[in-house]
């Protein structure tokens, strides 16, 4: 590559790790987190673009989930400042971060097992006066809102193909279904920025594809999306921007095609075979081939008779 | 399927007409009254790499757990090399030759790699030397890092140790529950290639996977499970090309992305 | 052996004010553990706080009954805050340890000789029920039938006690089926998930702790009103009796604490009566009367073990909920 500066509509200036965005929704500076001797996160500067779908990729142990935890108040950094929509969020407790509109899901699903699927969803809603201990005692004060959020919940469950399971205990769902429930639940509060930690892990590919349209819809409705994923087809298909983390640092940023052709990223993360068919590499199973030859042989014999 | 054919290729097994493992109309579930498997018929012949794919909640992991005695089987049978093993407990199954690699918590994090392998050979400690040799031939890093604590390994490395541990008992069939789950693309590819390697060394493998494309690319035959029943079956190649399977289970993302790339002249 | 007498006494226990107090305390633990997942092993401490919070102002400052009830409740709320502030941000086990310790601290404080002027020391306090009995609307006389025959004061305390049990149950029912209850049950399952949905988990846990604690304190008041308050009663034995009643009935249920308390109280009396009857009829000769009193606690211990092993959901609990490995 020559000295030409690469630009992009989302970026204010040149494209590169830690570049400024034209309209950032989150700006983070000098965020570090160490566990004992290990530096899990060491992000000098990163900005998440607004009204865009950003993918955060990188090898396991790169610090992606830890970074999520820090931004959303589930963990305290050693150093660092970051802001959401211009307001500083450092040292703000997790539940307040969620109320401000920055909602996250978890890599290891946290479905509330002994509550039903529908109750899980209803918990995700906001502004339910019945959640106050005193108002709760007088049903007419909260039943209208309950009806409203129940319809919203059912509509979301239908989109995620979980509606038939709405009365079942969440613990009875399969792993992939729980992932979907968690994402649907996170959407109940109409977040401003939704942060999905491996939302499609364990979700069937065909269903993943049908949900991508829904994620794009979120962007159309004005949400910003940040997601961690290992499924590169999904990343290529819907993300506007890709941030690559490795060993706690942001090592690359850019539009998907550019990032995925970066040799360093291919080496460390994508693998040289990511675009090829593994079957072509491995060849035929000699045992099966022998079986097929024997079957052909027998068929020929019968044909000849 | 009646002729016995032996191959001269190294450790490849002698193929017989008898399946190494098969289930007949298997019905099983976790909660009383709710069945996850609704009549599942899956067959694996010796030396095959069988893939099981399907939508969420279809019963893929439940099938493996039912084979391994971890879920209540309500009707139907499972046979291993001709013996009925329905409902046998896991420790008996390991003795009989079933190896299982669960999706989570599959290594002992406080033990070293070597100790994890020793745990794998718990029932038959005397054959340690030859089994260790077999396993390190497949995965040389296990020998060079044998004293490393398993808890300090990355996800992909733990998968490797877990698979090696299951192989220590020289199982007739190896059950893998979503081995590529949660791994980055390069580690996923490594895992699939490793599974392939294990199969070439003569071990029959039944692999449940969510990464359906990769699974079908390397397996010999596969089943698509839907709502607890086997809905489609065929060779890996056949299913990859089948339009119905693609529409319902595989999605066209991979193909779409490639087509987009070509269109843009990338 | 007088079976009639034995059964009569046991039947009478079903409705006694002590049983009502047990039931109320069990409802409190039900809110803590059954619904919110809080481990409170010091409910006896709340009962002591409640009892002394009522009795001391009555005797020392001549508080009218309604004011004494209020101080009792206020003391309970304060106690809950004291317990909750340091521990609710930590793991559940810490609350468990702190509650055991604090209940014992309360017991020692009320028994200590230095405070005898206020608390009556180890001998306790009595003679405070005048004000309460003066409010009795029932005319003098005998009420009821069979094993449930009462004087007007005995009836009054039962009516008040069981009314409180009913009110508490209705309150719990209304709360737990409301969105507030949903948040609390969610916290029981996974706090971080509930935080990520914007709920102030700490505040909800504190509210649950206060609510269950107030029930415990009111139970303490009902417990002592018929007779006297004695510090020796508020040891860990009382706490674990309450837990047994809750688990017997079913932890996250409305009827569980009530039926659990009734059955437990009746069984305790029945086993005592039967053993003593057998001893005095010379059918059982190898144990004495005092030993009989202790053996029935051994029996209760065995029953609790069998319960937890074979029917952990209790009488009214939901087996399905327990089939998930939580």
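Letters A, B and C name the chains as they come in the text, with residue numbers starting at 1 for each one.
Keep this in mind: contacts are C-beta pairs under 8 Å (C-beta built on N, C-alpha and C of every residue); 3 or more make two chains touch, one makes a residue touch a chain.
Bear in mind that the values here come from a model prediction, so they are computed numbers and not experimental data.
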item: Per-chain Cα centre nearest the global Cα centre, belonging to chain; value: A
item: Most contacted chain pair (by C-beta pair count); value: A-B
item: Geometric centre distance via CA averages, chain C-chain A, whole Å; value: 48
item: Whole-Å gap separating chain B and chain C, where each centre is the average of the chain's CA atoms; value: 54
item: Distance between chain centroids, defined by C-alpha means - chain A, chain B (Å); value: 27
item: Residues within chain C bordering two or more other chains; value: 320
item: Contacts with two or more other chains, residues of chain A listed in rising order; value: 172
item: Touching two or more other chains - residue numbers and ranges from chain B; value: 30-31
item: Chain C residues touching chain A - in the complex, by the definition given at the top; value: 171, 174-175, 178-183, 185-186, 188-190, 192-201, 207, 211, 320-321, 324, 326
item: Of all residues in chain B, those that touch chain A in their complex; value: 1, 3, 5, 7, 9, 12-13, 15, 30-31, 34, 45-49, 54-58, 61, 154-156, 178, 181-190, 192-193, 196, 199-200, 210-214, 217-218, 220, 236-237, 247-254, 256-257, 261, 266
item: Chain C partner contacts - residues on chain A that touch it in the complex; value: 72, 74, 93-96, 98-99, 103-106, 110-115, 119-120, 122-124, 126, 128, 130-133, 136-137, 139, 142, 146, 169, 171-172, 185-186, 188-189
item: Of chain A, residues touching chain B in the complex; value: 57-61, 107, 172-177, 180, 198, 201-209, 212, 230, 232-234, 236-237, 257, 268-271, 273-274, 277-279, 281-282, 285-288, 290-291, 294-295, 298
